[in-house]
């Protein structure tokens, strides 16, 4: 397609000032249905993404559907990280179809929305698509979301792309927000990478050990 | 692409009032050729999708090609569920190329078509593409359809997306139709999930057991 | 190895008279941890295996660990099928390390034990190995059991084989028990295959349709 | 995208009158490099596609690159099937960059081109993209083509889609061309399916056997 | 294990004089349930194995279970290749449990049995294990057999190995029987490889083309 | 094999009193070469296994090869967990070929050795095999070890099994050591499962939430 | 889409005169995190791509991020091949966000950019997208790049395609640049294929051997 | 099995003094049929294994079958490495069935044989099994061998294990031979690892760069 047929948003990047973080239905019950990621990977990724909200001081919204039923409560790691964020409880499946949720997003004043949800095909895809329609630039973080299997994940990703959503992994989100390792959040992000991008902690340990050999 | 270059239909959702259900060539012979899903999965998904027609009272059309030949009869589970729907028999491969089929669709008055077919590359993709051309918003349900292998499934999905078809899984269709768990169809859909989204029946059993511990 | 270095039991087969069925820890909570089978497959297989106890009138024992805790209750389908079997509740992990369980097995008088358990590496492998030591011929049904992932399943299978356990799938168990389609249980088993060996129901439907073409 | 932003060609279908068949570089040497299909699958698919040219009487063009070198000769099955088609020999990599090839295509007078080539990323993708630019509607048959591995196949498919090529499997091509099983080519195509869509020969054998049971 | 703890048969090889070929339940209906091989692969392998009986003049036995029911008839390719072999029809599941079958094997006077069957877990594994007990050296040809999925295939293979069966592929059987390419059956086997070990036909075509370049 | 041909050790289980823990070459450099597990999984499993030494108070030995070179230092998580264990540094590849290591094992007085190492084919397999020869009962924990790819992992597992090693996953080791959830280490192990057998933390969270609903 | 809605660049090809080569962050540390390719494949592909710069005399730019830290130095093979290219060192993550890098690109005067980077989702995708915005035609070479796993690779590829990047493999780049085997770079490229497209060296060896048989 | 039921050879290791290297049928034609490894991996592994003969000064035997036919010549890399080894040409399929080959092995006086062959199921498995029978301790190097697909590789591995062959990867062979990094061959092996165990070259580059930081 001609460059001018592509929406300029596809060439824009996230900044800590233009983005909000939306965590949708990361509930202990529904997450048991996730089979496109192993549980240890999914939890690792969800915590990593949630941590970006802290590191970059992003407005953060958390919502849950029927937490008192089988879907279960938001996982404790998120609750602990965001003790002051009031969870928005819904019976409406599409969170973007629930006015208080949309109001909370609008209140952030941010036009770029980093979203993750369990499951990808419903809890993430529905609000992601609606948000694009409402004029937002949506980053759907597929690896901090989860689906019934890889096929349904891919299907949901295709559908989001068809509607103009950007689908990304959490590391790319982190790198976009950081932009330059010299900026003040650099050390915090490096620590997050060491904790959640596991090979990196090994790289650091190796590097420090080697660097210290002749250090005296 | 610019938001305004995307057809508004990609931001619309299914409702029980705007959708019809089209079940194409779920025949006992041709289904033996399906290798992108295990038989137990495919049957589970087909029955789940077919049940949505009942739960949401959707106009439902069933068609078969050469049922008296090797392709075999529509599987008995569908026949039993829709005893009053007259099967439209064809020799024309593309069901949308067969006037009585198109007439039946038009008669529903619905503009959003939920379609599944065996096989995905022919029996689903051909009418899905033609229906988009005819102005319909098509939901091709890939996991209640089946193909020769995963590669040919993916190929058919790409082709449908290229022509403007929405490709979805049956759970997403169910969630779009339900919209809000408080609506009257909620309990029926919950039962369907328990029966066909297997982890959910376990979630419910666990939840009920735990909830009853202190219930006295 | 020389033929005479192989234990004769490897050339013996199951009969409805020499076998008992042991269902271990098929609990709604712990089954959420299974990732070597899709939920729909696992439930299908577990119900199929459990049904063999009914069809062939096998002594059947059901046990659970900590059903009141997160492991959850035995799945309702098994409870419904065996309303009169009293579940043996344990805190001991290895069911063969719990005297009432072993006593129940001994009471059956059967020397061939068909076992399945969730998870394969612990709840199935431990008692399977102990039972071989105690002189039983154990059939560990891997596909009515479940593990954390395929690797851990394979690891558990290797360990059981190393200790002299036979590892089989539920269809092979059914076929061994049936032996001859002319025996009285034939029609019941054919129905079970139609219900749980999904392609078979399609085969039957196709066959009946074709056979009826010239039937008049 | 809005329906009217989609090129009408995506809603058109092949007919025996509007299509030509282009077989590109199916050479015995280069085909050894194919690792996205097993050799038995690839050969089966290539022969099936080539046979469509015979069944539907399509203008057929065959080209080879450096057949006297390591790339080797066109496989004998194609030579035998098309003894009268003169192979167009090239040193130019992109067959569409070689005037005699383009001239041969133009001479067919057909605007829809069914193409397959080994390898997918070069021998198929290059002329497929150029042909779209030249105003043709291109059907790239990925499963009668072959690539270095599945990833490079997918990469080539994405690139062709990006340029407006239709990517399809040979069965879909066959079904488009046939359109209606009542048309004269029906029996020939049924035989081709029996020979190359292997499950179908078994379906037919089962059906005939069942149908003959009461046939007297 | 000490060398002398291994049965000497594991160091013996097949010859056209010591082996018989047993084809078990390659029926058009039951073969639709095979999902560890693609249909095109399975048929290719079954025909290749069956052809070895012809090339090496092996006593060949064919049996079927309930061919008049959904299991369907022996596939036509085998019937055509062995028009004079009378099919042994059974209702007994384990062919080795059916006296006429065992009698037919004994009548061959061969002590090494090349067996293939659909499905692997029942129709192949049961008689393979019984035959070992009866003192035969069994070659179970897993790739001319088929199972419900790869896991059940592997499970059946493990069980056969545990009982002392040799599990092999058809190419290894062919090579054992041939022993030396100079023996009279060499050209016939080379032709079989060209037809069914697909890459080999391409190798030959390339070789012949290259060899002829300077041939004058 | 006859029951009495199987070494009795295969029917014995680990206890906190009969076992020692050997952690071999979990070094930050060499672990980068692991491709049979994702880094996040491997680290999770290694820490879980190492923690069992703490929970069950097992004698624990840590060794490293060339830690000052590219192999890098033992990963910091292990160092932190075992600050008082002196790492045994070697240039000898097979740790069981290095006298101080063997001496350290002998000093524990334990005859059952739980071993993990990176890489599986060398650092784990070599000492595991030697230790069996020396009369130990070896538990090789494949999922707290890592190899170049899945094939080489499987190859190493087969070789260890051939030599009489038990190959297990860390969860099975934990369950063997715990034996009965009522024993004092129960709560500590439950916490370890919540932290490293990720689905279990979600199960607990769901259970507690459900149990508290009627708790008043 | 209508042909005229597709940017003409998708029908243009690379030439040695219109392209530059950009090698981004192929550093010995960060490359340890790559898990979508085996190390041997990735290095093979990176060297092959880098060699194209030499063969076709392309302006070549090399950049690294924090080479003195854990990310490590550019791999020695690239340094050795391009001893005269000064590496552009950055702390800015997106190389296109670093002015000296963009200036270097502009200085080449080329409008088609062949890019590869480790990792794909960040080091390749970010500058690829920015470069398209800046009016360049970008060829992102996915197989000379590397990502955390296949899913994140695919995600990055989708995102690049959405923004109008061409995603290709190195062999396709080589073939586009060569265009015609008769051009002077032919022999050099043939040698590169023999060295890095491994099957090709075997094809050549076979061909030469066969061709020499009658060569006298 | 009881420790004393295991042949002591399973606890013995290779040394440069007790081993010979046998390279069987690594021919440019037959290697095109290998599909369990990518060509780049297989060649890498074959060269690495062949190099061990040089580094450890092992008696090395090379054999080929019908090199003048489609199987093609021994790949040039081996020829170049062993210019003085005379290739043993055979028509007999099983190299151990060809007296000059066996004589050459006997002449080495070594009792441990490191073997690799293409293909695994025939060219490797046959002589490996015969050599065990003849009293040799055989190391079959599966990853310097190649088969038609992964299933046939696994099948061949199982068969070799059943007959008492050790199946290993080339890295394990290298490590057994080296035993201690302090021995004189250490630097040569380290170089081989850097060249063929690709991640290791990156590890070394990273380590050297880090170590040099404070080196002044």
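By letter and in written order, the chains are A, B, C, D, E, F, G and H; residue numbering begins at 1 in each of them.
Going forward, a contact is a pair of C-beta atoms (placed from the backbone, for glycine too) under 8 Å apart; a residue touches a chain by one contact, two chains touch by 3 or more.
Treat the numbers as computed from the prediction; the structure is a model and nothing was measured.
Listed by label, the chains touching subunit E and subunit H alike are D, G. In this assembly, the chain whose C-alpha centre lies farthest from subunit G is C.
The pair with more inter-chain C-beta contacts, choosing from B-E and A-F, is A-F. When chain centres are set by their Cα atoms, the one at the greatest distance from subunit H is B. Centre-to-centre separation between subunit A and subunit G, using Cα means, comes to 30 Å. In terms of their C-alpha centroids, the spacing between subunit A and subunit E amounts to 54 Å.
Multi-chain contact residues of subunit F (touching two or more other chains): 1, 5-6, 29, 32-33, 38-39, 70, 72, 197, 199, 202-203, 206-207, 210, 213.
Pairwise chain contacts in this structure: A-B, A-C, A-F, A-G, A-H, B-C, B-D, B-E, B-F, C-D, C-E, C-F, D-E, D-G, D-H, E-G, E-H, F-G, F-H, G-H.
Of all the residues in subunit H, the ones that touch subunit D in their complex are 32-33, 35, 38-39, 149. Contact residues on subunit A toward subunit G in their complex (touch as defined above): 1-3, 5-6, 8, 10-11, 13, 142-143, 150, 157, 161, 166-169, 171-172, 175-176, 178-182, 197, 199-200, 202-204, 206-207. Put simply, subunit F touches subunit H in their complex at residues 1, 5-8, 29-30, 32-33, 65-66, 69-72, 91-94, 97, 119, 121-122, 125-126, 129-130, 132-133, 135, 148, 151-152, 155-156, 158-159, 162-164.
On the side of subunit C, the complex with subunit D involves touching residues 203, 206-207, 210-216. On the side of subunit A, the complex with subunit F involves touching residues 28-29, 31-32, 38-44, 67-68, 70, 72-73, 75-76, 196-199, 201-203, 205-206, 209-210, 213.
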